[in-house]
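For clarity, chains are labelled A, B, C and D in written order, and residue numbers in each chain start from 1.
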Amino acid sequence: MSFTSTEMMVVEAARHLAGVRNCFVGIGIPNLACSLAKRTVAPDLELIYESGVVGADPARLPLSIGDPSLVVGARSVTSMFDLFSLYLQRGLIDVAFLGAAQVDRNGSINTTVLGSYEKPEVRLPGSGGAVEIAINADRVFIIVNQSRRTFVEKLDFVTSPGHVGHRTGSVGGPTVVVTQLGTYRFVEGEMTLSSLHPGVTRDQVFDATAWKVAVDEGVVETDSPGQDELLALRSLDPDRVYLK
Amino acid sequence: MSFTSTEMMVVEAARHLAGVRNCFVGIGIPNLACSLAKRTVAPDLELIYESGVVGADPARLPLSIGDPSLVVGARSVTSMFDLFSLYLQRGLIDVAFLGAAQVDRNGSINTTVLGSYEKPEVRLPGSGGAVEIAINADRVFIIVNQSRRTFVEKLDFVTSPGHVGHRTGSVGGPTVVVTQLGTYRFVEGEMTLSSLHPGVTRDQVFDATAWKVAVDEGVVETDSPGQDELLALRSLDPDRVYLK
Amino acid sequence: MANSKVTSMREAIGSLVPDGSVVSIEGFTHLICFAAGHELIRQRKQDLTLCRLTPDVIADQLAAAGVISGLVFSWLGNPGVGSLHAVRRRIEGSDPRPLYLEEYSHFGMVARYTAGASGLPFFPLRSYRGSDLPRVNPRIVEIDDPYGGDPLYAVPPLNPDVSIVHVQRASAGGDAQVWGIPGCQKESAFAAGRVIVVCEEVVSDEVIRSDPNRTLIPGAIVDAVVVAPGGCHPSYAQGYYDRDNPFYLEWDVISRDSNLIDAWLEEWVYALDDHAAYRTKLGAERWSALSPGDAYSQPVNYGDYS
Amino acid sequence: MANSKVTSMREAIGSLVPDGSVVSIEGFTHLICFAAGHELIRQRKQDLTLCRLTPDVIADQLAAAGVISGLVFSWLGNPGVGSLHAVRRRIEGSDPRPLYLEEYSHFGMVARYTAGASGLPFFPLRSYRGSDLPRVNPRIVEIDDPYGGDPLYAVPPLNPDVSIVHVQRASAGGDAQVWGIPGCQKESAFAAGRVIVVCEEVVSDEVIRSDPNRTLIPGAIVDAVVVAPGGCHPSYAQGYYDRDNPFYLEWDVISRDSNLIDAWLEEWVYALDDHAAYRTKLGAERWSALSPGDAYSQPVNYGDYS
């Protein structure tokens, strides 16, 4: 079966959720990845949303992190204070997904501004919950479209820290980055290419990265999406709202 | 109508609730005083309990601050965190009642131990919420049976502070003490006899106080309980559980 | 009913929100009180500071109408769609006027409301380390753990002059019950100097008192109760109506052009007397398309102890 | 049902509460899990530290049985009746052994659980100034306001090894719903390393999921679910049974004499297999006298958005 690069990203992200108990879900691609994982590698995966929804079981594809269909039939719906305090800061979150307008080699993320903070060229949404998610989730998965505009040498603004000085050893921080080109892990805090998606060359990766990106010695080709994965995914988003 | 000294205390305490919007209620005498006030001088008085019950409307005489009849039909029932944070510490409480095993001339209260803390002669219940109530309620009413054992020169232990150094001016602190002998106000932080209950002499007060108690120049005789007050009160506690 | 606080939106906004006020309008993804936002615009309020975790279309409308001069926030955008173009024009180009920003994260904003609601002078949280946010917002400060652990951060209390809180049902006295996503409706109410409760429907005291655990806001802290069914459109109210997604997409087009915004505001706000007129103008068909089916909670038994 | 955590009290206490544990049993005035307390006694647990705002008759029983060696608390007494005589003998006379006390106020205990539940290294509060409590408990410390206001106090997090939480209804997976007085059931559960949920009844996932705002504790943090109807006697469970006031008065007599306590423990705990036997022994008449009538909450409509 043929597949798009977005489908490859979602399928690859979902695979990394094998064995994960719960996931702090963002809307769009992360939501698809988590829903796919529930149907494949992680049937008991508990979906948690920053809106306060715990154990959602949505009857339709949610269009926002606070979609009413996430609430109906959820296990628990709680205040944001409780969600950020009792779940996130308490250390109960296994995996959280973050997106990025810019990401650097340490997995730090900018979602605040392009240009200077005081006089931005582009005002981006800001942190939302990203900075505390980056600091308190056990593991962070970053999903981002890779280009020299997004994989930058230096962030215009550090919204959410990656593997920077204060992190001790392997505790916390981003562990996986999935782009349309490949998958990255962190080796001593540096983003390192661990697999190339089918048909993608190393040069494509280098061309789409503003720094000289590290490549794992054992870099492999990402497994193509299986038919079961693709069918399950497409049933989740039949109108291809996010699978453009 | 004849009346007991306990009835005099309750009626007198209730009168001081005229115009008060809400009251942090303890069980027993304070509960009777508040319930009586609702039927006389403060019909809109909102009863708030440290158990988290706001706007109780009990169908029977409650036997504890968490009586199930306080919950049924209440306006709101909330966690203790919310009650102490959002109501008490936020400064929403107009009046709170406190009891005491010992009280001193500044209205500081001991409910912790008689004797030393480390080897007490009598271990008392402790603070409960009293210390934060004493500090955060707008006004504190103390109801206590007066004797040289309770009206002491020096507390064995300061559980809840009265008018001590840190209080600036008239903000906070106990404002009224009602005993079976009389009613006291605080003048420059010192407990001062403001009215003597009917039939009580100054000497009785002096005999029942371990320090030389101040007497207001305009000290008066407390009004006897009116028939309406007594009938309303007795209907609240027909079995005389608290009106012994 | 004794002590009714029910009034019109016009009266509530007119008397409780003077120019220059710091105003909180929360509601996370649902219960966003557009009806109050429109009345602020209709009354041509000036120089308001809007406190809101997620300034979205409501903030774009208030910014375009010149009602707000600043935002205290943690995420701004048209959720699921893209940018707030009017807000961006003011931030990026001071067009037509600058917009003052005081920026936190979601947890930071929630912690600020919680401190404000609790009478605390600050709230501690584990966030911000390694982020540039404390550099651009000096009110986010590092603090020590008094027990010798790692330092953490603090944010100051947020005490809006007035909080406008949309809820599903309230008594005439202002006791308010919410279900679905509570967001920080409770904290923003307790933190505020004045509270306007806007509800989908007024219910009897008996309904409220049949389930006191559901009461998020007690009438004691409420200054006015406004009945505005549908008042969250285009956002939603759990159990009452769905989010109007096409509107958010339309707004992306409107918001790119200040002339289109002006025309929209004229047609949908200034030209209308109140939110009831807006509701009527939207039309029965649109409301019908947004109506969910029924899904009732199973009751609980509080017990009759009389 | 998938992932059922339902087990017996014997198994839950046996496997999750080793000797020496720090154990929280909360429940403010109701939902006090005497059934778990009795099982701790029956299994002759040793050297437990009991965390509880209000050590009442349950603490007196645990103290008399030699199960607990310490209390972390804020108010001790037989509520509405008087003293805990077994506890007092241990404190005042080390009779038969001393009892270690770590003493706070209610707000201090609640703040400790909240810090523990929130992953915070301390919790700030406005209390204690002018009180002798910080003098006798050095863990209550003064802290500065980082914004320059008056200093306040802090308490450290409380993270029990295990929390035993009585609730009205739970799913087999441990999602627990409570109504009436919530106390600090939620905070003590999130703060704990392990959680035992004890419920009046197990209900289907569908019941829980019909009202997700009512869920106080998610199954994800629960290690065991024990079904123990009547398990709070002589305290109460809102909607299920009333407080057994005569028992509290009887206990005042029993508790004054250690021989009477021993006899009571023998008859009502050691000689019985489990709480079901205790329930039976109390008798239908006594349970009937404690049964309230019905007072159901009015339902809310979450809406069907499928």
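Just so it is clear, a contact is a pair of C-beta atoms (placed from the backbone, for glycine too) under 8 Å apart; a residue touches a chain by one contact, two chains touch by 3 or more.
On a predicted model such as this, the values are computed, not experimentally measured, just so you know.
Peer 1: Quick check: more C-beta contact pairs in B-C or A-C?
Peer 2: Of the two interfaces, B-C and A-C, more C-beta pairs touch across A-C.
Peer 1: For chain B and chain C, what's the span in angstrom between their mean Cα positions?
Peer 2: So the centroids are 40 Å from each other.
Peer 1: Quick one: chain A and chain B, Cα centre-to-centre, how many Å?
Peer 2: The answer is 58 Å.
Peer 1: With centres defined as the mean C-alpha position, give me the chain A-chain C separation in Å.
Peer 2: A distance of 29 Å separates the two centres.
Peer 1: How far is the middle of chain C from the middle of chain D, if each middle is the mean of its Cα atoms, in Å?
Peer 2: 37
Peer 1: Among the residues of chain B, pick out those that touch two or more other chains and give their numbers.
Peer 2: Correct list: 53, 67-68, 71-73, 77-78, 89, 136.
Peer 1: Listing for chain D: what residues touch at least two other chains?
Peer 2: Correct list: 114, 119-120, 125-126, 180, 182, 186, 210, 213, 238, 242, 292, 295, 302-306.
Peer 1: Taking the top-of-page definition of touch, could you list the pairs of chains it picks out?
Peer 2: Contact pairs between chains: A-C, A-D, B-C, B-D, C-D.
Peer 1: Using the touch definition from the top, list the residues of chain A that touch chain D in their complex.
Peer 2: Within the complex, chain A contacts chain D at residues 21-22, 44, 46, 53-55, 57, 59-60, 67-69, 71-78, 82, 85-86, 89-92, 136.
Peer 1: Along chain C, where are the residues that touch chain A in the complex?
Peer 2: Its residues touching chain A are 28-30, 53-54, 73-77, 79-80, 83, 87-88, 91-92, 103-108, 110-111, 114, 125-133, 136, 180-184, 186-187, 236, 238, 242-243, 245, 292, 295.
Peer 1: Help me check something: in the complex, which residues belonging to chain D touch chain C?
Peer 2: Within the complex, chain D contacts chain C at residues 119-126, 141, 143, 145-147, 149-150, 152, 154, 156, 168, 177, 179-180, 182, 207, 210-211, 213-214, 238-240, 242, 292-306.
Peer 1: Flag every residue of chain A that touches chain C in the complex, lowest number first.
Peer 2: Listed in rising order, the residues are 27-28, 50-53, 63-68, 71-73, 77-81, 84, 88-89, 108, 112, 117-123, 125-132, 135-136, 157-161, 164-167.
Peer 1: Considering the complex alone, what residue numbers of chain C touch chain B?
Peer 2: Interface residues on the chain C side: 3, 114, 117-120, 175, 186, 190, 208-210, 212-213, 215, 218-221, 302-306.
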